[in-house]
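Across the two complexes that follow, chain A remains constant while its partner is chain B and subsequently chain C.
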Partner chain A sequence: MKNSDVLLIEPDAELASTYRRALEDDGHNVRVAHSAQSALHLADEHQPDVVVLELQLTDHSGIEFLYEFRTYQDWQTVPVVVHSIVPERVFQTSRLVFRQELNIHTYCYKPTTSLRQLRATVHALKV
Partner chain B sequence: MLEECAERKRYYVVNTDIANEQLMISVSEQLKLPLMQVARRAEAAELRGTTQDFAAIRVTAQSALQLLDNFLLSLRLQNGYLQLELEPVSVSSVLYDAGQAVRGLADQYGVELQVDIGGRYGPVTANRMALEAALISLASTLIEGLPGMDLPAPQLELQFATHRCRYGIVAGVYMRHKSLKPESLDKGLSLHGKARQPFNVLTHASGAGIFVADTIVKAMQLQLKVSRHNGWRGIGVVMAPNQQLQLI
Partner chain C sequence: MRTVITQGIILTRVDYGEADRIVTYITPDNGKLHLMAKGARKIKSRLAGGIELFSLSDISFAPGRKELGTLVSARLREHYPSITHDIERVQQGYALLKLLNRLTEDDTEEQYFELIRTTLQSLDVPDIPLLLTDLWFRARMLTFLGHQPNLISDAEGVRLDAGSSYDFDIEHMSFRRRPDGSDNLSAGQIKAMRLLFSRNSPSQLHRVTGLEGQLADLEPPVRLMSAHYLS
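Let's turn to the complex of A and B:
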C-alpha cells in the first residue's frame, strides 16, 4: 500500500500550511492549490489519489471545480473529501444530487473537524 | 406630525436592527477563520510536540481581536452610542500606523506590504482613530484574500497609499491584481447579509472587514470607493482637504 498523492484545495494560506504539514507527517505527498483553476492544473500534472476540497474559494467555487473535475474520465473515481466551512445542511435539498452526481466520499465540516479526524479520513482512502 | 415621527423612528429602528444583524452574521462567519487557525495550529503543536506554531497563533489571535474591536466600534457608531469628532488628520501618519498594525498578519500570509506616503498632502477632515480602524479592517481582508487568488509571488503585494483625486484626497489599500472593479464593491455591499461570500473576487471569507470599514467610514459622512493608484487597484476613502489648515 503506497502513500497517497493528495491534492489539497484550500484558499486560506495559513490553514493550508497547517493541513499540509499534518498530512505530510502522515506520509502523504501533498500539493496545495488555493483556487479552482490552479487545482485543475495541478490535477492534470500530478494525477491525485485523493482530493480534499474547500467549497468556498475565491472566484470559482468548489462546486464549479467538482463539476469540471468529474467531466474527465480519469478523475471520475478519484475520492473527494469535502472539507468546508460551509455546513452540509446548506445543501439539504440537493444533498443526494450533490453526493451521488459529484461522487463525494466524505463531507467534513471544517470548524469541527480536527487534524486527527482529517488525517484518519484521508488515511482510510489510501490506495 | 407625531405619527409621522413615530413612523420614521420605527423605520430607523427596523433598519438599524437589520444592519446590525447583517454585520453580526458577517463578522461571526469571518471570526471562524482565525479561530480555526488557532485551533488547528494548537493541535499541530500538540501532535508534533513543538513550539514553532506559537508565534503564528499569537499573530492570528491579535488580528482576530483587532477585527472584534473594529466591529464593536462600527456597532457603536451604527447605533448612535458614539459620535465621531471630525478633526484635521494627517493621512500619511494614519497610513503608516495602519501599515504597522497589519504587518504581522501580512508576514504570516507571505504578502509584501508597502506604505507609499510620498508626496505632500495637507491634512484632511476625518477622525483619526476611525480612519485607521477602517484602513486596518480593509487591509486585513485583502491580506487574507490575496493568496487565495493563487497569484504568482511578485503579485502578492499590498500597498497603503494616498493620492489626490478630483473629489479630494484618497487613502486606501491597493493591489496589483486587476480583478477589482467598482461594480465588485457595489455588488458585494448590496449582497451584505444575503450571501456567504459577497466579495468572491476578493476573498474566500465573508469579507467582514470591508463591511466594518464601510460602516465606520459612513459614520464620518465619507464613502469607500474603488480607485487606482499607479496602475494598482484598491479600495480607498475619499476625504476633503481641511481648507482651514491649508490656509495657514
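Let's turn to the complex of A and C:
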C-alpha cells in the first residue's frame, strides 16, 4: 500500500509543524500550505490523496478553497477532512448541503478532536 | 475577431482540460455567458485576477458560433472582500449564486444581474444580517418568477385586518385567518413581509426600525415558499 500524499492546509506554522510530524510518523507524505492559494498551487504540483483543511485561513477561506478545489475534475473525489476551529453548527441551515456538495469526508472540530483522533481519521483514508 | 465588452459577475467556474476554465457570467445586457478562459488555470494567467468569485468585472469576449464564447480579458471592477472574510457569508454567497444560476436561463434579463449585484453588496456589509439578505434574495426571486404571495387580502379575498392573526397558506400563496393556529403571523409581521417583498434593497431595509426583530418569524413562510417554488 503506497503512502498517502496528504495536503495539510493550516495557517498556524506551529500547529502545521505538529500535525505534519504526527502524520509523517504514520507514514504519510505531507505537504503543508498556509493559505488557500498556495494550497491550490501545491495540489497542482502534487496530486493529493487526502486533504486536511482548516477553514479559518488568513486570506481566502477554506470554504472558498473547497469550492475552487471541487471545480477541478482531478480533485472532485479527493477525500477532505476538515480540521477546524470553526464549529460545524455554523453551517446549521446548510450542513447537509455543505457536506454533500463539497464532499467533506469528516468534520473535526479542533477543540474536541485529539491529535490521535486526527491521525486515525487520516489513516483510515490511506489509499 | 469581433469582441464584445460588458460587465459580469461569475456564477460558476469549471475545469476544462489541463489549462482552461469555463466561466459562466451573468451580465446586464447579454444574459448568461459561458466563456472559455484559456490558460486560466495557470498561476500567471492575465485572466486570473478577473475571474474571482464575489466580484464584478469588466469583461471582453469573442462570441462563439454556438453557446461557448472566448473570454479575452477580465478586469476587476468591484470586489466584495468582506464576504471572503466571513465563512458563513462565503457559504451563503455560494449558495445564492448557485440558486440564481439554476433558476435562470441563458437569455436572462437585467433584473437578475442587478439582484445578484445587490446581494453581493449586501453580503459585503457585516452590519447587514445574513438572514435579511438571504430572505430578501429569495423574496425577489419569488417575485421575478411570478410567485409573490398575496400581501393585500386573505385567501377569502378579504382585506388583511390590522387586528387579526393569520397563518400562511402555501397552496394559495396567501394568508388565512386562524386565530387559534400555531403558526400565527400578526398584522405587524405581515407588514414586515410586505417590506421584504418590496423593491427596497437590504441596506434600505436594514435601516427600518424593528424589521430585523421580525426576521425570525418571517423566515418559516419565506423558506416554505422557497422550498416550493425555488427548488
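The definition used in the following text is that the second predicted complex is superposed on the first by the 127 of 127 C-alpha atoms of A that agree within 3 Å, B and C clash if a C-alpha of one lies under 4 Å from a C-alpha of the other, contacts with A are read in each partner's own complex, and residues count from 1 in each chain.
Here is the rule we go by: contacts are C-beta pairs under 8 Å (C-beta built on N, C-alpha and C of every residue); 3 or more make two chains touch, one makes a residue touch a chain.
The shown structure was predicted, so the numbers you read here are calculated from the model rather than taken from an experiment.
*Asks:* Given the superposition on chain A, are chain B and chain C in a clash or a fit?
*Replies:* Overlaying the two structures gives chain B and chain C room side by side.
*Asks:* On chain A, which partner's contacts cover more residues, chain B's or chain C's?
*Replies:* B
*Asks:* Is A:Ser114 contacted by the first partner chain B, the second partner chain C, both or neither?
*Replies:* In the superposition, A:Ser114 touches chain B alone.
*Asks:* Quick check on the superposed pair: does A:Phe98 touch chain B, chain C, both, or neither? Answer first, second, both or neither.
*Replies:* second
*Asks:* One more residue to check, A:Val86. First (chain B), second (chain C), both or neither?
*Replies:* So A:Val86 meets both chain B and chain C here.
*Asks:* Which partner chains sit in contact with A:Glu64 here, chain B, chain C, both or neither? Use first/second/both/neither.
*Replies:* second
*Asks:* Which partner does A:Tyr72 reach: the first (chain B), the second (chain C), both, or neither?
*Replies:* second
*Asks:* Pick one for A:Glu14: touches chain B only (first), chain C only (second), both, or neither.
*Replies:* first
*Asks:* Using the superposed model, give me the angle at chain A's CA centre between the CA centres of chain B and chain C, as a multiple of 10 °.
*Replies:* One gets 80 degrees for this angle.
*Asks:* Quick check on the superposed pair: does A:Ser35 touch chain B, chain C, both, or neither? Answer first, second, both or neither.
*Replies:* First partner only.
*Asks:* Determine the nearest approach in Å between the Cα atoms of chain B and those of chain C after overlaying the two structures.
*Replies:* Superposed model gives a least chain B-chain C C-alpha distance of 5 Å.
*Asks:* Residue by residue on chain A, keep only those touching chain B in one complex and chain C in the other, then list them.
*Replies:* 56, 59, 61, 86
*Asks:* Which residues of chain B touch chain A once you look at their complex with the stated criterion?
*Replies:* 29, 32-33, 35-37, 39-41, 43-44, 47-48, 53, 56, 60, 108-110, 144-145, 147-150, 179, 196-197, 200-205
*Asks:* So in the complex, which bits of chain C are touching chain A?
*Replies:* Residues 12-15, 21, 41, 43, 53, 84-85, 87-88, 90-91, 94-95.
*Asks:* Quick check on the complex: what are the chain A residues that touch chain C?
*Replies:* Chain A residues touching chain C: 41, 44, 55-56, 59-64, 67-68, 71-74, 86, 90-91, 94, 97-98.
*Asks:* Name, in rising order, each residue of chain A that touches chain B in their complex.
*Replies:* 11-15, 18-19, 21-22, 25, 33-35, 37-38, 54, 56-59, 61, 85-86, 110-111, 114-116
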